Each structure stands twice: as structure tokens, then as C-alpha cells.
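Take a look at these structures.
Each of the two complexes below includes chain A, the first together with chain B, the second together with chain C.
The block that comes next holds the complex of A and B.
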């Protein structure tokens, strides 16, 4: 059984590009448009990795990381933050929330796959 | 301090620039300024908002088209890769080797060598047969010569039989002259004559058989010579044609290998370019975020226009200028404080962003 990855971004284009890259490398991919939808989609799923944006409507990425870490089934699931934010303070917030890594947009497919293979 | 009071307005005239009639009071001037500022700010917002939304819509539509094109391109590359693999597998299968391209070439060379070896063996075998055929022709010729000699001997035998017959005839005549003393001799002469007749008949029969044999040998000799010469010609021609065929196959094999290699190289290049497209397409999101930040700023400008309208309303309602201005300043201060100083796009180029694993 292959790895299943949840990608969370309010931009349809970003979700498409992440999904395109990951599926091309043989991963199964689930999508959500914001933090709240991500929590719904993740219910009952065995996820190998979550990749989330930060600035999203309804629930932002940092809050999503905190909520995921509070759930026993996702306590140790790697979570990568993929965002336009590169401020050290924001990065620190992500780290404190429990994120595994921080990637600044735009990503290159090779680099993203390299990081994904490292954390999975 | 907001931009109006600091005298740094970028969108409207400053108090210093606004022409003030000497007879006009401060209230009237403020009323005109408030109305003018509110109108200008609303005008800018009303102009820029649909423009920015249209840019956002156009970029999104373009990105959507590019996404579809990218997926189609990716499917084509995958299909091309699959086809190249199938060609390689088919080559391997026909040559009975493993999946390595170099091994395919090696197997083909081995197969060519086997074919040429078989053909060489065939040609050598034909040459041996041809040599035997030549020997056979020599033997046929020898038999023919012997037949000719036999015919000569048979002619002599016929002549002897003729003479014997003549001799027996003379003996019979002499026996008749001798009357009763020659009766026994006449019987012998008669028997000799019969033997001479039988000998002549036998000789004729043998001559006919020998003639038939010689004719058959001549026809055989002609066929054997024809076979001997044709066998070698056909064998050498077949060998030449087979060598050409093997060379053509070998050339085709290398051309196909080269084409497959080029296909794979091309697929790698396209995959690399697809990576660039994936990275570039993400700028639709970055542009969208920037435009949304600009629209938020336009919302702030609209709030400032409302503040200026409120000043106008207050002054018209008779509120003292100082209090109305203080209220405006407070409102503008609140708007300034509420502004989110956020730059949506940090990236200054298309280069991929940094990665930091905690």
C-alpha cells in the first residue's frame, strides 16, 4: 500500500501543482481547501504526511498544525508548511505548533519530493 | 500622524495646494476639502477594484489553461516513455536478451555472427557438393570414353563375324565339292555360319545398348556441369544477399536504439521543463495573494473616504472645526493602526524558495 498525503491550500492551482508532483512520484493524494476541511478529510484516514499552507480562510495552517497535534492519530504524522511566509517569527510559530518543516513558495518539484522522501 | 495632516498626500491636494479664497472661511474650506478627498478616494477605489479583480480573473484563467496543458503534456511524456520501453522490450524479446540496451546490441551481433556462420557453412557444403559433382562429371566422361572404345571393339567384332560368316560360306562350298567326304565339314561350316549370325546379331544389340548408354551419359554430363556451376553461383549470390540483409538489419537495429535513446533524452528534457512550469504556475497563487492584499488596501482607502464624508457631515451639522478635525484624525489613526502591513509575495524571482526542516 502506497503513502497517502493530504495537501491543504486555498489556492486550487497550488493544490493541483502539489498533487501533480506527488502523484507523478507515485503517492496517493487527498486535498482540502482550508484547515477545517482538512480536519474533516483527515478523519479516519491513515496519512503519511500533511502539507499545509498558512494563510487560508476559516482556519489557517498554524492552527491546523496545533489541532492535528492534539489528535492522537496525527500526533507524530509529519507536517510540512508550504507558504509564501518566510519571516523568522512565523517560522518559529510553525515550529512551536509542531510543524516538521517549512518550505517557502514557489517549490520546485524535485526539492519538494526530496523533502517529502526525507520526512516520510 | 496620517498623510493628510503630515502634508504627504499622494492622492489628493494638500491644504497648501488647495486655493483658498480670501473671503472664504475655514469651515467652507474644510467642507470643500472633505468633499474633494472623499470623492477622489472613492473614485480611485471604484476604478482600481474592478481592474484588480479582472487581473486576478485573467491570471486564474490563464493558469487553468496552463494546468490543463501541463497535464496533457505530462500524459504525452508518460505515454512516450511507455512506448520507448515497449520498443526496447520488443527488441529484447526478439533477440532473447535481458532489458539492457547494450546487451541488446551484443545479442544482435551474436545473432548476426550465427547467421553468417550458418551461411558460410552452407556455402562450404555447397562447394563440397560442387567439387563432388565435378568429379562425377569426370567419371561420366571416363565412362563415355570407355563406351566409345567399346563401340569400336564391337565394330571389329561385327567385322570378324562377317568374315567368319564368309569363311563358313566358303567352307560349305568346299564341302560340296568334296561330296560325301565333305558332309561332316559342311555341318561344321553351317554351325560356324549360324554362330557368326548370332554373333553379328548380339554385337548389333550391344552396339545399340552402348549407343543408348553413351547418349544418356552425354545428357548426364551436361546436367552435372550445369549443376556444378549453378550451385556455386547460387550459393555465393545467397551469401552476398544474406550479408547485405544482416548489415541492413544491424543498421536498423542501431538506428532504432539511437531513436529510443533520443526519445528518452527528450522525455527527460520535457520532464525538466514540466518542473519549471509547475514552479511558474504557483505564481498564480502568489499574484492572487498580492491582488487580495491590494484590494484590502483599497478597502482602507474606502474607509478613509467615509471618514472624510463624516467630517463633511459633522461640519454641515454645525460641529466646531477643531472637534470635527480631531474626530477625523482619530478615525484615520484607527484605520492606519488596523492596516495589516503584509507583503503577500516575498519572492523576487522565479527561483524555488528555501526549505527548513525543524
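The block that comes next holds the complex of A and C.
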């Protein structure tokens, strides 16, 4: 199928873990360190899913979701928000911005794949 | 923990440590009178990342503590709580605790009781200190939402689901929902189109679909809820069990629902189960000492594993890969040239390829050495905090200025420089710097400055610790040296020589040994460490202006500037750093004292002569020259003249360990391979002197 997933996180460890897990499951993975870089990386790409952290320098995840939704090519692309805030407010903010869903940290590689498979 | 997670554990620890270091640096550099909002965000993000990663990689204790710091920082970055000096101190303590947490988590230990207490106290203070004390964050905030609904399983569920209006705009795949539901069991679906508005009134991007679903399944309700996780919005999902059926819950779950025990308490209780060693000791199968010994050796192995990794920038590796690519091309060129080596063209090609090979080999050598190089920042980064604390403790206003943090040094150096530099910086603050009143009296700014500077000069790295304090009191040093018999009475050494006396063992001119300096490593140990690295120390000091101590270090330990010499038929290498000069003397200039000890007189000083060929048992040299060639060497402040047969030249040699390939040999520090493929031994000057002294003692 060749699904390509963009993972956005300012923590390189987290990014590596996500990339490793997703690649292991046969996905193609692109990486970006913050929202602005994500917009750059995504340009011209066909993405099946975007996974983004919330708290990041330069551009946070919520803004990234809003910006993505404003672009015709990513208007309907699933976007998952990574968050440690398991409270309703962050999920709500993500939803309002147009995020498809969220993954609450801490999560295991298995959980990550579960959620990814839920939206792709 | 799954393998995939274990793989990233080291990366987690490194990153978390860096984040903690970053928090500390930010806290220290913050101007509390005018706090940059971005700094607060940086702090918050760091705490947030550590928390999230710790929880993900299986370190709940790290996560929950960092969570407290994060919660404290939240109102601060929102501007509702000021960053006060007190709060900064508390946060700094917090950073220390994070480090300690990481240290213990890495060893799979829990935090020691003492630090647990510190942590509890700190958390209380963080909350007390807050003008609008936030409620203590529940431990449950870190867990997945309560799963008590999962207690009851049944034959299945009847489900009513109305899709959220924004489902399409949020990239939700509704088809996927039904596919996943279908995986749980048998599905019957009745779409409900009654909510779809008339075409004229409809926004095609809105979703108005709804379904009634009957699902026969053995899965618990939570699994069903999980599928709808992202589309639940208010009351748009209703799930009712078809035929409720009791399942036997675990004791923990029952206690949770019926007795109100918190999940955290249950986890705590479970974690108190005994460890393997304790169990075996209780069973009388093994003695406690044996368990401790095994744990110790496990610890050692762990430490070794930790110490042996080095982080390398990808860029450096990329350059290496490129270079290897170029080498392959050169090799092909050489192969081709060698086939037509008897033609003019072949010869030209050959020499061109050889020149290229020469350049590439040199570059490869530099780059590979570069892998071991890490920025001096790694040592420097600890000093802002230290100087801050020291200044506070001593009641001095001290500012630390750093320069050249990007200068790269061999990784081994970095590790071995920590203690000496710490000592020098402490000394500068404690002894070099006057207190405020004294500074004001002598017309200086009350704020003292310590400058840490690293720079690369030729083949050396210079690291300077400079203070603008009172400078060395050379008269007192002179007096003290006289008292201790370090210098003969009646002579007054030069200022430079006097400066260096502070590095003599047990030399301290401070009457009052303070709590900070004057303990642990002394200045003599600093010099010893620096010499151990093949470096030297220079001191500049001006009364009333300050002192500068400069460590001059070679670029790397793996390559040595050497003086190659011949003794009998063998070639040896002297480390150039310990060679002062070489000269020839007539055999008659060598005088014998105390029976068989030979000395020569050099500028009024008697210097012992070491006959290398005798010491190293090389047999008698053939040349019965009447002139003796001597190499004057110095180590640990002692000098000796080593008799050799020929000086061959200066060159850089790559040090190979003799110990790993053969065994330790007194007087030899390693070996190297010369251009012609022969092995030359590298002389350990200090060892040779020791050996000679020993031989003389036996002979006497």
C-alpha cells in the first residue's frame, strides 16, 4: 500500500521510537522537529497520517493541525496529536483544531500501532 | 519492557540528561527582573518532554516527579505566577532530583530514601510557595483513564452512534470504525439518515450520519468504547450491554471499585514485592555477601557499558562515508594504473593516484580522530551552576563568562578534565576572588568575573581559568617555599617559577582552609592529571588584577608528538612533551658518583644520566664514540639525561597499547608502527626514571 506517515516531535528520542515502530510495521516515515519544519517536509508529499506532539518550539502541534487543515491537500488527512495531557481540554483543543485523534503518552509501540491502524 | 523500548532507553537517558542540563542553564541565565517568556516556555517544554518520555519508556517515578515540576511551571509560563529567586532555587533543586532520578532509573534502582524525603519536601515547598496553590496533581493523571467500566463483560452490546458533524474535516475514517467493530464479533447495522438535512441546507463537508448497531461479542465494553475514542463528543455514543454477565474481577480492581483504594496505592503495594536476591537469601540458598558481590559486579559491567559509548554527530559520519567512497575510487585508479605500469601514462596515473591516496589517508585519519572529539561545553556546562552556588555560599557576587565552548577535545580528556577544572574554578572563586568590601576598597566592581575559555592553538588546546581577583601573593609563596625547603635559601626564583609552586604537593598559602577548597583534590593533583593527559600548566598573575591558569593540552591521546631515537639496534620514541633539549657531551664530562651513579653538570645543575641501553638490557652498542648523545627529559619536576646513540627525527606517532597486545612493561608506555612497518616502543619517561632510581638503590 505504501502509507507514508509524518511524525513531528521536538524530542528526537520520541521521534526515533515512533519512526522505528512505524517502519517496523511497514510504513514509510518522515520526520520533523517542530510545526514549521513539518509544513516544509509535508510540502508536495502524499501523506496517509500525521502524528504530532503538542508542545514544540517555533510552532506547536495545535497550530500545525490548524495550518494543515487550511491546506487543500491535507484537509482530510488523519492527524493524531501526541499529548501527555490526558485531560479533556487538550483533546478538545486538538479536536477543535481538526485533529482526528490523539495518543496519550505514555504509550507502548503496540498502542501506537493500534491507534495508527484505527485511523488509516 | 519490549525490545523496541529497551533499544531507546539509552537514547532516552541521554536526551533527558541533556534536557535537564538545558533547564539548569536556562534557569541560571534567566534575568529574574525581566524574564523572557520564551525561556519559561523552554523550561516547561523540557520538563514536559522528560515527563512524557519517562512515562513512555517505563520510568513512572521520573515521570511523576517531573510532572510536579511541570505543573509548577505551567502557571509561571502563563504569567499567573512570578518566577522568584526562591522558585528558581527550588527548580534548580528539582533539576538535581531529576538527574538523580535518571541516575537511579538507569541502574533500575529506586530513589534512595534520603532523596525521596528531599523530593517530598521540595514538592511541598513548590506548592506552598505558590500564591495560587494548584491542587496536587493526582497520580492518576499519568495513567490511562479509569478502566472500571471494563469490569463487566457480556454477550454483546447495542450501540447508538451519531457521527460528529466535523468528522470529515478531522480526517476521520468512518468506514474504519465499522471494520474495527466487525473484528470484535458479529455486527448488524441500521443506518439512520433521518438527521441528514435537505440538500440546499447541507454543507457537503458536514457529517450527519447516525447508526444503530448490534454487536455480539465477548469483548468488554471498553474495547468498544476504545474504537469510538476519537469520535465521542458529548452524548453521541450510547452503549448498552445486551445481557449483562458478571466476570470475576481481580482483587486490585475490586479494592479500587469497592474500597476506594487508589490505583497508585495498589501499584505501590505491588512494587514492594521482594527482589530475587532477597528471596534467595530468605530461602537460605545464598549468603547476602554473595548477592552483594554479584550486584557489585553487575554494576561494574553496567558502568563499563555506559562509559564506552560516544555520541557522534551524523554529519561527521556522513563525511567519513563520503571519504570511504573516494578511497574506493582511488583504489580503482591504482588498480588500473598498476596494470599499465610500464607506460608513461600508467606511471603518471599511478603517481596521481598515490597523491590522492596520501591526501585521503590524512583526511581519514583526522576525521576518524574527530569522532572522539566532543565539545568542551560538556565540561563547561556544569560551571554556571557551581559558580552560582559557590558565590551564594561565600557571599560573593561572581559572574561566570565562558568562551569557546564549541572547541573540541578528545572524549577521554573531557572526562579527565572535570576534576581539575572544578578545582581550579572553585579555587578562583574561593581564594582568587576578594569579597565585596575588599573589592570596593580597591576600586573594583563588586561583581567579580571568572572567565572560562577554551581555544585551539596549533596542535594544542588551551583551557584558561581567569579571575579578576587579588592575584597570587608571590612573597607569601616564596616564604612558604623557603620554609618547606622547596627552594634553596638565598635564591629568589623568577615570578613564573614562583607561580608554579602553587602546584607543589601540600602547598597552600591560605591560612584558613575553607569548606570548599583545600579539600579533596589539591592543586598538585590538578597538575598530575593534566600531565597524565600529556599537557602542561601555565600561570600568569598580577597583584590586584587577577590570576590566569592555562592548561595546555595535546589535541588527542591517540596520537603523540614524538622524538624518535636509536639505542643500539632499536628505535624508540620519546614523547616530545617531556623532552627539554638534546646535546652532546664528551664521555669525560660524565662523572661517576656514589659508586656507579653517573651525572653530568648542566648549567650548574647535576643531572643523573640514564644509560638506556643498559636499563633496557639491549646489549652493548658497537659505537665506542667518545661523545655521548644525551636527551634531557623532565617528568614530575625531575630531570634526567638519557643517553642514546642517534636522533632520528620528530614525528607524530599513533599510540598502540602494549598492554592489550602483550603485557605491561615498566618504562614503556606503548608502541607504534613506523613508516617502514617496524614496531618502535614509546618510552615512559617517568617510569624509566623510577626504574633507574630503583636500580641505583639496589646497586648502592
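Please note the rule applied: the second predicted complex is superposed on the first by the 119 of 120 C-alpha atoms of A that agree within 3 Å, B and C clash if a C-alpha of one lies under 4 Å from a C-alpha of the other, contacts with A are read in each partner's own complex, and residues count from 1 in each chain.
Rule of thumb we're sticking to: a contact is a pair of C-beta atoms (placed from the backbone, for glycine too) under 8 Å apart; a residue touches a chain by one contact, two chains touch by 3 or more.
Fair warning: this is a prediction, and the values are worked out from it, not measured in the lab.
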A:75 touches, of chain B and chain C: first, second, both or neither? second
Broader residue contact with chain A after superposition on the shared chain, chain B or chain C: C
Contacts of A:58 with chain B and chain C, given as first, second, both or neither: neither
First, second, both or neither for A:13, with chain B first and chain C second: both
Contacts of A:99 with chain B and chain C, given as first, second, both or neither: both
Chain B versus chain C as contact partner of A:107, first or second or both or neither: both
Touching both chain C and chain B, counted on chain A across the two superposed complexes: 11, 13-14, 16-17, 20-21, 24, 55, 84, 86, 95, 99-102, 104-110, 118-119
Complex contact set, residues of chain A against chain C: 10-14, 16-17, 20-21, 24, 55-57, 69, 75-79, 82, 84, 86-87, 95, 98-102, 104-110, 118-120
Residues of chain A that touch chain B when the two form their complex: 9, 11, 13-14, 16-17, 20-21, 24, 55, 84-86, 91, 95, 99-111, 115, 118-119
Interface residues, chain C side, partner chain A - complex: 2, 4-5, 7-8, 11-12, 14-15, 41-42, 44-45, 48-49, 51-58, 63, 141-145, 166, 168-173, 176, 180, 227, 229-230, 233
Chain B residues touching chain A - in the complex, by the definition given at the top: 60, 63-64, 67, 70-71, 74, 274-275, 278-286, 288-289, 344-347, 350, 352-358
